[in-house]
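Order as written gives the chain letters A, B, C and D; numbering starts at 1 within each chain.
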């Protein structure tokens, strides 16, 4: 996995975009190993599909070569190392992977697993939680997507832009 | 890619199945992995494939931006509508149990409609975003 | 030793996360930043997903013959977060296209130079 | 319908946004959006009355009890913030039509603007109303995405780059918040705030919770532009259309401050946040440095919108300062300042909008002699400016009074002195504008006809805010009283 990311440091943006897509796909594989097929499915279709296509289209509109950075990335490196170290420090007290006694598996989730077959009667628990127990989050999610649609329409709406260019000489 | 016959034939063969698969994922989300969001993305992917292989203009003739712009708000409205219907029937917002006499049936109905709403909006937005980018490439 | 193994997964995720973060902060290219951002987000998703795993469990889809299921909740949260992520990416790319139209470049440094001259 | 109030306040704008897209017709959409904004405001007022009457309201979305389902939990604090957000939303919406036809002439599709505007309002209200941490993240992104787009609609091309910069920083902040939520979820197994407070009992001192706390605070600090994470703010406010600046300046950062309050006091409890964590050791110096530096930078700005943006960074410092005292007076000061600053910054930016409309720019040179040319606009600017300085009889005085009181109470007289000093700095930058506007000769008119005052449709909403500034400055029971009750309940000192 880590190697996939190393390659993402390529100077060529085109290959970087493709590698990022592959990274998403590998991430999706990992997710399905961890028993979340729903998420893996989505990650594969979004990360490796839609996002990559959009990035490629953008590249075709702009340029596909990245210039040499002007400054040495020392400060960012320090920030990253500190943040990473803090996170690793935080993991020390974290529950171990897959341990069924974790708080996560004891507190709220059991109701979803044990009761939803009677309350909702939908075999796919992810769907049950997504659409019913936490249906309001999903409504929010739909609104986010809707916002993105509106946003891109505002940014790239065809009719407006020609006027923008026409009006430029006034300024 | 307009003049290359291999992608064209392959796409012609594939696209109907991609769209069909989207509907399968949409309605089958209760039983297997999948649901409205994934279905919307797959549907949009089918349309985008069509636009890439053939031509954006041809694609927009088949599926005009006007319809797409209708789909976006309609999905969200359907979702909110289900919630409001539950409110009118005496439950709290989005409580599907009150939609039918049997709470479990109500849940099924609610989830089905809500997923349809998500799928509609997602497909609409994804296609609309692609159209916007595509039109920018063309001009 | 078992302790370290139990945490290994988290650490790999953290390395991934920081790589994405690094790309965002250190790179000047606007598209590269967006790619970095999505790597950063994807790895946060992986962190959540890692949490949901139950040893010996199976995917949270009810079926005959399974008793132990993984936790469905992280999956649900991440589904939502993935959608949010792609929405952000789309808007960001739209902005980059517009910036490129107005400035003719997608390098932060060059944009800055143009702004100072203006 | 009465029991659905908590969800209706968010639902009404959310339902209206897609309807705007379907309506399309320009006048219809404008009228519809304004009506919706006022309806939302009315609901939020009803909600506050209900909370005052019955105490905390909990609303189970989807009919599932928390922590399994998502809960809307309205207490005094968020009812108060809801009123601010909805009220500003309504006033700015009323103000907007005349302004956007001047500032966004190239946009044919005004209905898209109103759709985005209502979505932003939805997001901000949703963050405030919810009692679920993950739901905060979702609505945060609704408001954030729409505000990036709204900012990018500015006329200057720098609006695009500042929107991009805001997008990168905002998304990083949101992802930090998400990491924080994730780590907390790992330790507690719940996402409901009230339930999390209970579940945290046993694991409060683990390193993971500590790190989660840190990530959440850093993430939210980016969102609320706490010094030194404010870099996105000045550009974004300076280049966004005036409507957007007025709306976001008065609401977006305030809502972030609200989440911070919620997180410190409801989820973690003040004993943890300020007792064992010694949070004030970090927060108080940051707030003070922020106040002084940002005020100093504001003095040297020639673009007045930018100047006001830096002043916003300083004012955020006041709110955080109030929080960091962790005493009833300090918190009252912080909360009441959150409300008051929303009012006055909104009025100031609306005045800027009127000036942009008539003069085309808010460079300080353009403002020469405007005191005579646009008397009503400039009078509103001066009134709100006085409040910014903290002159008695205005709302600005009330909040500073509580802050100084809290500082003296804890024997921190240097802090009190700094608060007063920074008021002097505020006086300097407000005076610069006043001097130019009232004591300089008007610019030679270059043939286009004399500049006249803004039309009534712009003046009325702006003056409504100015009247509110004085009203709440003189009769303090309404705002300061509610803020005090909210502060007491956060600190757990009231029943």
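The rule is short, and it goes like this: a contact is a pair of C-beta atoms (placed from the backbone, for glycine too) under 8 Å apart; a residue touches a chain by one contact, two chains touch by 3 or more.
Nothing here was measured: the structure is a model prediction, and the numbers come from that model.
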Most distant chain from subunit A by Cα centroid: D
Centroid spacing, where centroids are CA-atom means, of subunit A and subunit D in whole angstrom: 28
Subunit A and subunit B: spacing of chain centres that average the CA atoms, whole Å: 20
Distance between the centres, which are taken as Cα means, of subunit C and subunit B, whole angstrom: 24
Touching two or more other chains - residue numbers and ranges from subunit C: 21, 51, 59, 61, 74, 77, 79-80, 83-84, 87-88, 90-91, 93-98
Overlap residues in subunit B, where contacts from two or more other chains coincide: 31-33, 37, 69, 72-73, 76, 80, 83, 93-94, 96, 122, 129, 132-133, 136
Numbers and ranges of subunit A residues touching at least 2 other chains: 37-38, 42, 46, 50, 54, 57-58, 61, 87, 91-92, 94, 102, 104-105, 108-109, 112, 123-124, 126, 128, 130, 132, 134-138, 140-141, 143-148, 150-153, 155-157, 161
Chain-level touch network, classified as line, ring, star, complete or other: complete
Residues of subunit D touching subunit A in the complex: 14, 17-18, 21, 61-62, 64, 67-70, 105-109, 112-113, 115-116, 119, 122-123, 126, 132, 134-135, 138-139, 141-142, 145-146, 148-149, 152-153, 155, 179, 183, 185-191, 199, 203, 206-212, 214
Parts of subunit B lying in touch with subunit D, wherever the complex brings them together: 69-70, 72-74, 76-77, 80, 83-84, 86-87, 91-98
Complex contacts: residues of subunit D adjacent to subunit B: 4, 7, 11, 14-15, 17-19, 21-22, 59-63
Subunit D-facing residues of subunit C, complex: 21, 24, 30, 33, 37, 40-41, 44, 47-48, 51, 74, 77, 80-81, 84, 87-88, 91-92, 95-96, 98-99, 102-103, 111, 115
For the subunit C and subunit A complex, residues of the former touching the latter: 2-3, 6-12, 14-23, 25-29, 31-32, 34-36, 38-39, 42-43, 45-46, 49-63, 68-80, 82-91, 93-98, 100-101, 105-107, 109-110
